[in-house]
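To start, I am sharing the structure in question, which I have written as structure tokens.
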Amino acid sequence: MDKSRLEAFSDGVFAVAITLLALDLVVRPPGSGHSVAWQLGHQWPQFVAYVVSFFTIGIIWVNHHALFKTITGVDRTVLFLNLSLLAVVVLFPFATSMVADYLTADNWDASVAAAFYSSLGVAMSVCFTLIFRWSVAGNHQIVPIPPDKVRGASWRFSIGLVFYVVAVGAAFVSAPLALAINGAIAAYYVFEHTPAGHLHDGERSGQPAEPTE
Amino acid sequence: MDKSRLEAFSDGVFAVAITLLALDLVVRPPGSGHSVAWQLGHQWPQFVAYVVSFFTIGIIWVNHHALFKTITGVDRTVLFLNLSLLAVVVLFPFATSMVADYLTADNWDASVAAAFYSSLGVAMSVCFTLIFRWSVAGNHQIVPIPPDKVRGASWRFSIGLVFYVVAVGAAFVSAPLALAINGAIAAYYVFEHTPAGHLHDGERSGQPAEPTE
Amino acid sequence: MDKSRLEAFSDGVFAVAITLLALDLVVRPPGSGHSVAWQLGHQWPQFVAYVVSFFTIGIIWVNHHALFKTITGVDRTVLFLNLSLLAVVVLFPFATSMVADYLTADNWDASVAAAFYSSLGVAMSVCFTLIFRWSVAGNHQIVPIPPDKVRGASWRFSIGLVFYVVAVGAAFVSAPLALAINGAIAAYYVFEHTPAGHLHDGERSGQPAEPTE
Amino acid sequence: MDKSRLEAFSDGVFAVAITLLALDLVVRPPGSGHSVAWQLGHQWPQFVAYVVSFFTIGIIWVNHHALFKTITGVDRTVLFLNLSLLAVVVLFPFATSMVADYLTADNWDASVAAAFYSSLGVAMSVCFTLIFRWSVAGNHQIVPIPPDKVRGASWRFSIGLVFYVVAVGAAFVSAPLALAINGAIAAYYVFEHTPAGHLHDGERSGQPAEPTE
């Protein structure tokens, strides 16, 4: 199995899932009793959830690429882990629709919906962490991480996981708070590299060191 | 992050979004009280909006390619800008459905729907302009634009933005007029290059200058 | 604009459109008054239309590839023609659903639905013919067709067009007949090359002629 | 026809079909009479069917890649077989939705739904077997299988087919049992290679034998 075909297939799944997010937005045809402006305004939870999920999947895609760029090849184990990761990603349109519908319900239902939504982030982070550990344990990294830095890299990898767990808990305080934490995690990762990303940068910055033609 | 994988992912999103545009076309099964011919004819706003949006996304795809072909690589900033651009593109099926439903309503609702639809063009143009400025400001261009030509190129880039703003305003005069302006912009870009396209052509037309084998 | 990125984008649109064909198949949940077996059997027009459309899009994809393999590059004209071709392809899920719903209605509605469906084949063939003529007229072919063979190649290209026109006419005799003609055209092209395919084969069979290292 | 473009198109179809699986999951908006937790729990058949189908398509994708990696090129015959395989894959979202809706119905309907679902596995296995036989009969394999091993490879190829036939039969005993067998087949193939995969591994393990620079 080529790494490149795994990436191409994963990219396809990311692209479809991210596009299906918008299927939740609907304005009813004329005669439905509400103005277009009212319907658009009334769907602000759908728009907010759309943006949060769009950037969440976008960041998963970026980190997926950064992580797989550091590894040498794929075997059946990582294939299974990657399919598990994709199975989580594909649930985002469903969960986004649900959390948006219940965001302003302000009751137990809203908390359950937001906790389910946030738990996708937990599951996704677990998949990423397992893929990272697989790459360390099986010597699948193009540029192996020095043993004394594995712990640090693992820890940084788990930051997202920790915050998603916090979001699950926060859902039982306030659904909008949980969604806001999900948005903050996405915003953080837009501008911050994963450890894998850092490693990759190190790898590349090392390349200019080959001075002779 | 490879430029090529960003392009492949973006192409996937463009392909899905452009295909979802047709989901708005529906003929009801037998027994619904209207003939097929009547239903097809009655959906002319859906067909017109479909064609306009199809070529609009098609042109965004073309210009996206032309722009990214001129740049050397991608960083987190352009990644964020590109995701923002895609988040706008993915809203087109929703907005197309809405503007088609209300195109002949001839009231405030039609104007709001057409203004929302046209504002996607504004948001898309803003994203393109920001990506272009990022490429100029950060020296990310493969063939840098001469300083005295940056202003001209920026201006030509803003033409689409200006016309989309005009379309937003026109929506409050007439929704069909706003849709017609969107269609005219798409038609214009089918046969006209963006500045980035011109640059790229210049770059390529320079290549035949290498005469010796 | 690279030919390869046009092909990748087109492939994406083909893949999404061909997959959306199956969205028309639905079995209602328990309690809807009909057994699963009855519902599956009752949907035979949907299954037949699904298979015909699946292979029709499949063959469009094959011929698209065969045609673009013979050309040297793309310009704005062929870009517009290709987008027009894709805009026709994307209508297939809609038209397939409609023709299946009305296939057994046996009245004017069935004829209109089948004529609309068949006219997509006409429009698709016209786009292919125009792209072929563009390649001949503008010297965009990798291996130019000898002038005395252009007429023959054009004619063979028009065979599909002729049969789709026949299918449009046949729709007013019998909708199932029109669908059968569409199926026969797809079956024909599965095992028969387009002229472009033949050209390409000639091109490749010429390559082994280079004997020296 | 390039093998690579056939693979890219197939990957696109796989990616869309696997993502559409989640469209069956729905939680109704507030006011529908059931809590979110109840609705999520009540949809356990949908979640189970989703996971089984997700890994089934995922494994089809892996095996598709493993099989096509062993062949030299594609002709019209394998093109037709591959389109047939994809036409089966695209039916999975429909069949998954149906089997989930009827999984707990515990009557003839449940059996019909589960038998239809399992028969997709049969049809898929038949397509794979035909493609494999085509590659053997027509000398399309990059590394031909020794004649004395063809029978064994064919047999191993048919294991999946046999188990899917068993699942069809089991559906008339118990729909959940049939779904469990489908899940077990997917789990088996996640960690077990197809014969094609083994062949490919053999091919690669031979490469390190080239010791000199």
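For reference, chains read A, B, C and D in written order, and residue numbers begin at 1 within each chain.
Everything that follows uses one rule, which is that a contact is a pair of C-beta atoms (placed from the backbone, for glycine too) under 8 Å apart; a residue touches a chain by one contact, two chains touch by 3 or more.
Here the structure is a predicted model, which is why all the values come from computation and not from measurement.
Taking the mean Cα position of each chain as its centre, C sits at the greatest distance from chain A. Interface chain A/chain D: under half of the residue numbers present appear on both copies, so the contact uses mostly different residues.
Our note on geometry: chain A versus chain C, Cα centroid distance of 37 Å, whole angstroms. Centre to centre, using the average C-alpha position, chain A and chain B are separated by 26 Å. Among the residues of chain B, those in touch with two or more other chains are 8, 12, 15-16, 20.
Looking at the complex, you find that chain B touches chain A at residues 1-2, 5, 8-9, 12-13, 15-17, 20, 76, 79-80, 83, 86-87, 90-91, 93-94, 97-98, 101-102, 105, 108-109, 112-113, 116. Per the touch definition, chain C reaches chain D in the complex via residues 7-8, 11-12, 14-16, 18-23, 25-27, 29-30, 35-37, 40, 50-51, 54-55, 58, 61-62, 65-66, 190-191, 193.
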